[in-house]
Amino acid sequence: MTDAVLTRLAGLFGELLPADAVITDPVRLRTYDCDGLTYHRATPGIVVLPDTAEQIAAVVRLCDEYGVPFVARGSGTGLSGGALPRTDGVLIVTSRMRRILEIDLQNRRAVVEPGVTNLAITEAVRDQGYYYAPDPSSQQICSIGGNVAENSGGAHCLKYGFTVNHILGLEIVTPDGEIVELSADDPGYDLLGAFIGSEGTLGIATKITVRLSRAPEAVTTLLAAFTGIEAGGQAVSAIIAAGIVPAAIEMMDALAIEAAEAAVNCAYPQGAGAVLIVELDGPHAEVGHQFAEVERICRESGAFEIRVAASAEERAAIWKGRKSAFAAVGRISPAYIVQDGVVPRTALPEVLAGIDRLQEEYGIRVANVFHAGDGNLHPLVLFDDAVPGQGERAEAVSGRILDLCIEHGGSITGEHGVGVDKSRYMPKMFTEEDLDTMQLVRCAFDPRGLSNPGKVFPTPRLCGEVPGVRKGVHPLVESGRAEQF
Amino acid sequence: MDPELIKDCVHCGFCLPTCPTYLLWGEEMDSPRGRIHLMAQHVEGTPVTDEMAGHFDACLGCMACVTACPSGVRYDRLIEETRAVVEREHVRAPEDRAIRGLVFALFPYRRRLRAMRLPMRLATRMRPFLDRVHPSLGAMAELVPPPARPVRLPPRVHALGRRRATVGMLTGCVQSQFFPRVNAATARVLAMEGCDVMIPPRQGCCGALSLHSGRDARRFAKRTIAMFERAGVDTVVVNVAGCGSSMKEYAEVLRDEPEWAERAEALRVRDLAEYLVELGPVARRHPLPVSVAYHDACHLAHAQGVRSQPRELLRGIPGLELREISESAICCGSAGTYNLFQPGPARELGDRKAGHVMATGAEVLVSANPGCSMQIAAAVRRSGKGEMRVAHTAEVLDASLRGLGARALGRA
Amino acid sequence: MNDDAGAEEVLTAALTDTGVAIRPAGPDDSVAGVRPRWVALPEATEEIAALMRVTSAHDLAVVTTGAGTKLHWGHPPERCDVLIDTCCLNEILEHEAGDLVVRVQAGVPLDALARALAAKGQELAIDVPLEGGTVGGLLATGIAGPRRFRYGTARDLIIGITVVLADGTIAKAGGKVVKNVAGYDLGKLFTGSYGTLGVIADATFRLHPLPTARAWVTATFDRPVTETQGTREDEKGVAFDTASVDVADEIRVIVPAVAESQAEPSAIEVDWPDVNGPCVIAVLVEGAAAAERARAVQDMMGEKAQVADEPPEWWGRLPGLPGLPGPADRAGDEGVLLEFRNVASRLPGTFVGPFSTAATTGTRPAVRGSLASGVLHVALPPGTEPAAAAAFVGALRAECEDAGRVVVLTAPEEVARRVDRWGHVGGLTLMRRVKDRFDPERRMSPGRFVGGI
């Protein structure tokens, strides 16, 4: 894309949006050059800060007209580079669209704009005894639009499901600039389900109807300390086998505990090789019953200390160490990579042993924090960027961990998405046919490939104009930069 | 701008929702994460542009981002260093320069401030005119409380009953001129709790205003340290949040002069509430049947981490009902000199805060910073909902310890 | 004639060459009145692919069926050459109990699956309101029953899928882990697609432990709706009579109270066989301490409420006359079955809509379904005048306006011709584009779905 086109577009945007909503100053533009994954950076060509769906639609229509790619961005906390801008494109940021439009407790739903933060929804209904269930650790800042795009999960998704299970309707702007309503109640294809988790490649969500959940009557949180991670894993299996679905089961290993101690003094039991956090919620009677069961299982699996939170403060204290874990490893290591992979719960012991072997093989430390209930690992691969070669080795370990996940029938991402970061792993998890079939959806929504191109899928692909009818060879295909699809 | 400090930022964005300017404008460049990014750009060689300087100037220095940051980024130090760089390297528009010059020539000097009191009163009436000349002048006029009768404090106030400690007390430039009764109340409360209070006369500015605006504060710091050393105390109690936070930073400000840094370390600086909770209550609390909304001054809550102590003290007063203000972590827009240099956003934030304060329905607004009280009271006045009674934590305690009753609170 | 017969032979040979069992279709094989030419019985995903390649080469239209319990749902196909019967794809491929996950082939009967899972103390938490169905049929129609309130529907529980596209491409998406955001979620896209995008070969589901106990609380309400006569004045001050219909106060209070209560019911169902008569409301609580929680619900529902550890006999079944629906090709002589959703006004809409509409159109609908999630089934008895049935559908849509959706699941020809089967569909243009990409030659259940897809 030539600069002239961008300049022309910026001028046209200026006619549609307030002056301060179109950013072209290079210094300002650069502050948008990355999301939560900082080693991929690109300064956007133009940034717009729209206020309404109509403005987004108008901007997208112009992009379509000029063949300029666009990328949506919420709060920029994504961890897979999903919101990485295009230097030749437009970054559409929803941070000014943060109104809660409607709260309907009777029908347990709320309608919000995409820039509203996940936590803001819960805060708006908490006093009435409701909440929005999916709770990514970044909930105080990540936008609901970003959550929709990433199908975000959180610690409590074990029992309550992910974003996709809590979205009742969407208003989207399609990549050709149409405003379309998708509702879980309408007959027809589940485009809602297809859109959620599509990482901004199928259009931009401009209005979101979420399901609100009733706050549980009772919540019990327990912290169990084990000498090693195996015993903790055994407890997890036994809890599930006993037919209990806790709201959350989280595990941290010794290194992760060390980091959390350094950052927030969480005061977990001394000498713990692993801690397990189990949270049960629901009706009093049920929670009481299950709690006794969980406590017994933990003891039988070798827990040497069990703490039970008696108040909201104590619960917060237990969670504090876990919730700060990502950022906290910054205190024990100059640099680190947050990995996100999933394995079947029963394969956890093997995979953890595999990670141990990798640590030895590469001389790299890995701190493990994970959503043990659903086998979602967040290994934190630690390295010192001042030591030559360590970064590469850490990168290698991080990749090998994903290989382990795939080998054991798991996934390369449980919640952070594919983005730019993991698109190269997609062919390891899926066949070419699988990916081509996914591309069919992409081509239906975005035949010109302008909506967040270069994300999720490994090779840029072009959609044939009309199925079955192929025209001359596209220049990108000719030059080997893309494959015709 | 220390690149090592910049590197601590992992770009997670956790600080965004507590940043008042991000709340107002929803732009990356006016968020802590964005400002740190701008600092990084500068470190990599981008000169300070008008745009860049504008985003740094718009920062309130409220330090809410420091509290929110899980990876321990020292934004407080970063922004101080940055402001110094901006002052050094950036050429401001002439009228901005004039206003900044005026404020820095005025506020840190109590005699000049005193001299200003009369013209200020006049200024209040001239507000519409001033607003037109420069919004900052208008803001200055709007904020000014009715002039108070000066209260002369003795250099030493003796403990009531058994003496438990000897402490120094900072009187503060703005505080002593516009809110002298707060200082009197502070001295009395300390004395009633068993402290000998040393109040060195002719105290100058502690350096807070300069420090928070990127000007050299070392001269002010050294003067203050020497002054309390002469008074023979090792603990200084401060009742102004902004002054307390900058005094706690003396050692860092003076880090290039090790001898001074050491002297700074030796001086224990405590906020009044923090100190009283450490000391433990002995004086009898009389009932004070009143509902109060407690406002977290940024320089207390974020810069000093003092949140629970004032609440604990207030809850300890029989009959007093403490109400929480929603969005309590968000700055009221006062932020030291901010409301003078950035009147627009300061006003918006003030209105927002005033709305939340009024929503509590409390009778009296309590905070530990005169700037905040002035700012919020002005916003309430603007909303046309009458006058908000404001009081300092010290005054509330004083009223209870002396059994004055609630009506005395927060009346001019 | 000869040519035709010759062509038929060539095609039969091509189909048979795939190695898949093929037989000529009989009258019992019709799909909503359209008779296919062949029935194919593949035993593996590869075999489906082989079949699809042949149908692609010869432009043959394909419809897929499981047990045929819902085959008459939706429009009759525009054409149908090959009926793929998934009966021989009936293997449970993987059930790792410790992972609470099962991977099954599309032809596995739901009751067989339930038995296998129950042996390990687990279940797929979807109550299908029809007996005898298969996994594939459940997915293709996206049907669900009472416990959708707690667990959602098939789209919420499916975590992986293998499909065969019109051109024989075998594709999978998702996987066998519950948490997975790699790639597009084709499982959801295929769920409820009525066979128009391709053939579902197998699917992987998230399971739940079987609840330790279950209890149902039921109560009968004699007058679910109340009619109030009144007078009002118009702008000119002229008085006129008004009649307003509303849900009975009792129900208006009780249902939300139970739904929001901390007893955490898994389902709240209503059975209202005649809208001029009484209704029964039944509440299910499951899990630890079910009995205790059931008593709490009983207290909320009033003296008449009773607790039982067996469901009422109508629980989780479609409304209407006994025997409905019947074997595959009975669309012609069956009644009308509607799905009725109350998007934004669950309670009043559920009762007032059918009641008022029945009165104005002279019909006798039976209503049954989930009060808590606002998804009901409404049946009009066989023999309902086609014009009246069509009027009922239109009037019910008008009555609930934007807040509701009415979809005609089954209807006799006569009725079907007169109604818009699907009603409002948001995003139809996008859906057409999806169809165009997956099945550009329109060979997969053509015309059966929304907007004639």
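When the chains are written out, they are named A, B and C in that same order, and each has its own residue count from 1.
Convention: a residue touches a chain if its C-beta (ideal position, glycine included) is under 8 Å from a C-beta of that chain, and two chains touch if they have at least 3 such contacts.
Protein identities per chain, from UniProt: C = FAD-binding oxidoreductase.
Remember, it's a predicted structure, so these values are computed and weren't measured experimentally.
Greatest centre-to-centre distance from chain B is found for C, with centres as Cα means. Remark: among chain pairs A-C and A-B, A-C carries the greater number of C-beta contacts. Centroids of chain B and chain C (FAD-binding oxidoreductase) (each the mean of its C-alpha atoms) stand 64 Å apart. Averaged C-alpha coordinates put the centre of chain A at 32 Å from the centre of chain C (FAD-binding oxidoreductase). Separating the CA-averaged centres of chain A and chain B is a span of 39 Å.
Residue positions of chain A touching 2 or more other chains: there are none. Within chain C (FAD-binding oxidoreductase), not a single residue touches two or more of the remaining chains. Interface residues of chain B facing chain A in the complex, by the touch rule stated above, are 8, 10-14, 16-17, 22, 25-29, 33-34, 37-38, 41, 46, 49, 51-52, 69-72. On the side of chain A, the complex with chain B involves touching residues 20, 23, 25, 27-28, 30-36, 38, 49, 75-77, 93, 95-96, 98, 115, 117, 119, 138, 140-142, 263, 324, 326-328, 330-331.
Considering their complex, residues 96-101, 121, 142, 152, 155-156, 163, 165, 169-173, 175-186, 188-189, 191-193, 197, 208-210, 212, 256, 260, 262-264, 287-289, 292-293, 341, 343-346, 374, 405, 407, 422-431, 433-434, 436-438, 440, 449-451 of chain C (FAD-binding oxidoreductase) touch chain A.
Every residue of chain A that touches chain C (FAD-binding oxidoreductase) in the complex is listed here, in rising order: 104, 106-107, 109, 129, 150-151, 153, 157, 161-162, 164-165, 174, 178, 180-183, 185-194, 196-198, 214, 216-217, 237, 240-241, 243-245, 282-286, 288-290, 342-346, 371, 374-376, 409-418, 422, 426, 429-431, 433-438, 440-445, 456, 467-468.
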